[in-house]
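Labels A, B, C and D are assigned to the chains in the order they are written; within every chain, residues are numbered from 1.
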Amino acid sequence: MTQAPILVITTGGTIDKQYFDALSEYQIVESVIGKLLATARVAHPFRVVELLRKDSLELTDEDRALIAATVAGAPESHVVITHGTDTMTDTAAVLAPIAGKTVVMCGAMQPARFAESDAAFNLGMAFGCCQSAAPGIWITMSGTVFDALKVCKDREAGKFVAR
Amino acid sequence: MTQAPILVITTGGTIDKQYFDALSEYQIVESVIGKLLATARVAHPFRVVELLRKDSLELTDEDRALIAATVAGAPESHVVITHGTDTMTDTAAVLAPIAGKTVVMCGAMQPARFAESDAAFNLGMAFGCCQSAAPGIWITMSGTVFDALKVCKDREAGKFVAR
Amino acid sequence: MTQAPILVITTGGTIDKQYFDALSEYQIVESVIGKLLATARVAHPFRVVELLRKDSLELTDEDRALIAATVAGAPESHVVITHGTDTMTDTAAVLAPIAGKTVVMCGAMQPARFAESDAAFNLGMAFGCCQSAAPGIWITMSGTVFDALKVCKDREAGKFVAR
Amino acid sequence: MTQAPILVITTGGTIDKQYFDALSEYQIVESVIGKLLATARVAHPFRVVELLRKDSLELTDEDRALIAATVAGAPESHVVITHGTDTMTDTAAVLAPIAGKTVVMCGAMQPARFAESDAAFNLGMAFGCCQSAAPGIWITMSGTVFDALKVCKDREAGKFVAR
């Protein structure tokens, strides 16, 4: 319940996908997270770092090491990470050794630019969890706060489930 | 971090306001909370009770007693309450004696039916906080998880601030 | 079907209503028309004049004279006017004597700032009609291009109907 | 300016694209046109025929013949066709011989399911043009009513331009 500042790290994923007519395809572009936080009228102190712009299927070991180093090296002890959903748990495993920080990962099944997206709700869950939960790695998707090491994505069902 | 079901109680407030052309004014209508949870693809077990449809300035002592009785009498130990922002803290004070439950109140500064509203994010925060925080009464507004007994609304600034 | 520039005059009305929490009411604010045209990727030459910011029930004879003078004095022969729906036809009657210009009036039953509003469609109709119709005063509401002197608003039904 | 009913034929295109997380890609799905018309509170008589669900780059000669036959055989003399933008003008050329009907084609550069899309405006333009223009084939894109045989898409610039 602290007013301690929150570090928001964006890494890409569906949440930041935009559609490009000239290409007839989507691409991950500049993050929409700042706009989501403005629309939500967030007055809580926070800092956004756009670290990567990748589909999570394309994240490398080096990328995950960079994310971990950014979390570990940041002055903030409360961290929210937006991330593609397909390998979110893989990155969580790499973050697990980090002690003393509450890290919450989230993403979206529908791009935030859609009229009907789960992005704002999921990001809100991450902000709520981040300030309330014990240190550790959490994932806020599908309406649930999951232990990030005990969850998996059910790709067919389009949701995260405890395992 | 339990998968324990969440009780969502709606009481009205700006979050559920709709515009009526024939009246040239806003009115609180059937709650949009169910739609927000569907858009957020919430798979977590929850139950919605539409208890009241009032601007929070019009809530009576009887209304607050009803809200408290509903929370206290519910089988769920995790509760989210959507509420008008102007007297949210008054209702929180009435709920304070309830022991052993994590109750999170939220609302919105812009109706959820607006294209740019803080509703989905605030409701997401409440879901995240509700599953992570210790028993007590919390308010998730303006991006912060507040102790509901130590916060007030700054009407001019349009945000909640710790006091 | 000319590429002749379009003059867009905004006068207020529901289409431009915004909700203000601090007042617990809506007010007509800076017009959202420019944003609607940008979202619609309008490349056609146009010019926006924010002439009035009034609920159409509050428009005076002087206001209508001002609107008529603005239309008559403009270099553009194709004009779109956004206007509150309650007295749109009264203003149309004042504009009727203007010869040689295609003037299309429209508004919205739901504020453009709502996620589900008729604003963008109605404005699109006005742009389409304005470039296709003969000189005269037209109203594009409820999906129909009406002769502005042969239509009335059915307030109960929430739509415009030919009379 | 008739109240004559409008036939709306949907053929697919970007306007009806939806994002599928399980596939990490967009696909054209059930048309959103009915929802757009409902949101626009269209009271004008219309009928929607979902004829095809294709990216316009995949339309065959047989598809275009089917579209032309549907237009020619319909009882309605006012027709709106939603269509992918890349080959809209090719289909227009096939429709050109149809006499005595006002046919308006439109589409979108951003899927209608996005919060910020040109879909509703373009569809509104088509409805407005369809009721106002002389018989012939028109395209309503980029804010302009174009003669469908004298326009091309500038893919790089993301807009339609007269030629």
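The rule is simple: a contact is a pair of C-beta atoms (placed from the backbone, for glycine too) under 8 Å apart; a residue touches a chain by one contact, two chains touch by 3 or more.
Predicted, not measured: the structure shown is a model, and the values here were computed from it.
Centroids of subunit A and subunit B (each the mean of its C-alpha atoms) stand 24 Å apart. Rounded to a whole number, the gap between the C-alpha centres of subunit B and subunit D is 43 angstrom.
Centre-to-centre separation between subunit A and subunit D, using Cα means, comes to 38 Å. Contacts with at least two other chains are made by residues 109, 115-116, 158 of subunit A.
Taken pairwise by the contact criterion, the protein chains form one closed cycle in which every chain touches exactly two others.
Contacts between chains, counted with the stated touch criterion, involve the pairs A-B, A-D, B-C, C-D. The part of subunit B that touches subunit A in the complex is made up of residues 1, 3, 36-37, 39-44, 46, 104, 109, 115-118, 120-133, 138, 140, 142-147, 158-162. If you check the complex, the residues on subunit B that touch subunit C are 14, 17, 19, 21-22, 24-26, 55, 57, 85-86, 109-111, 113-116, 155-156, 158.
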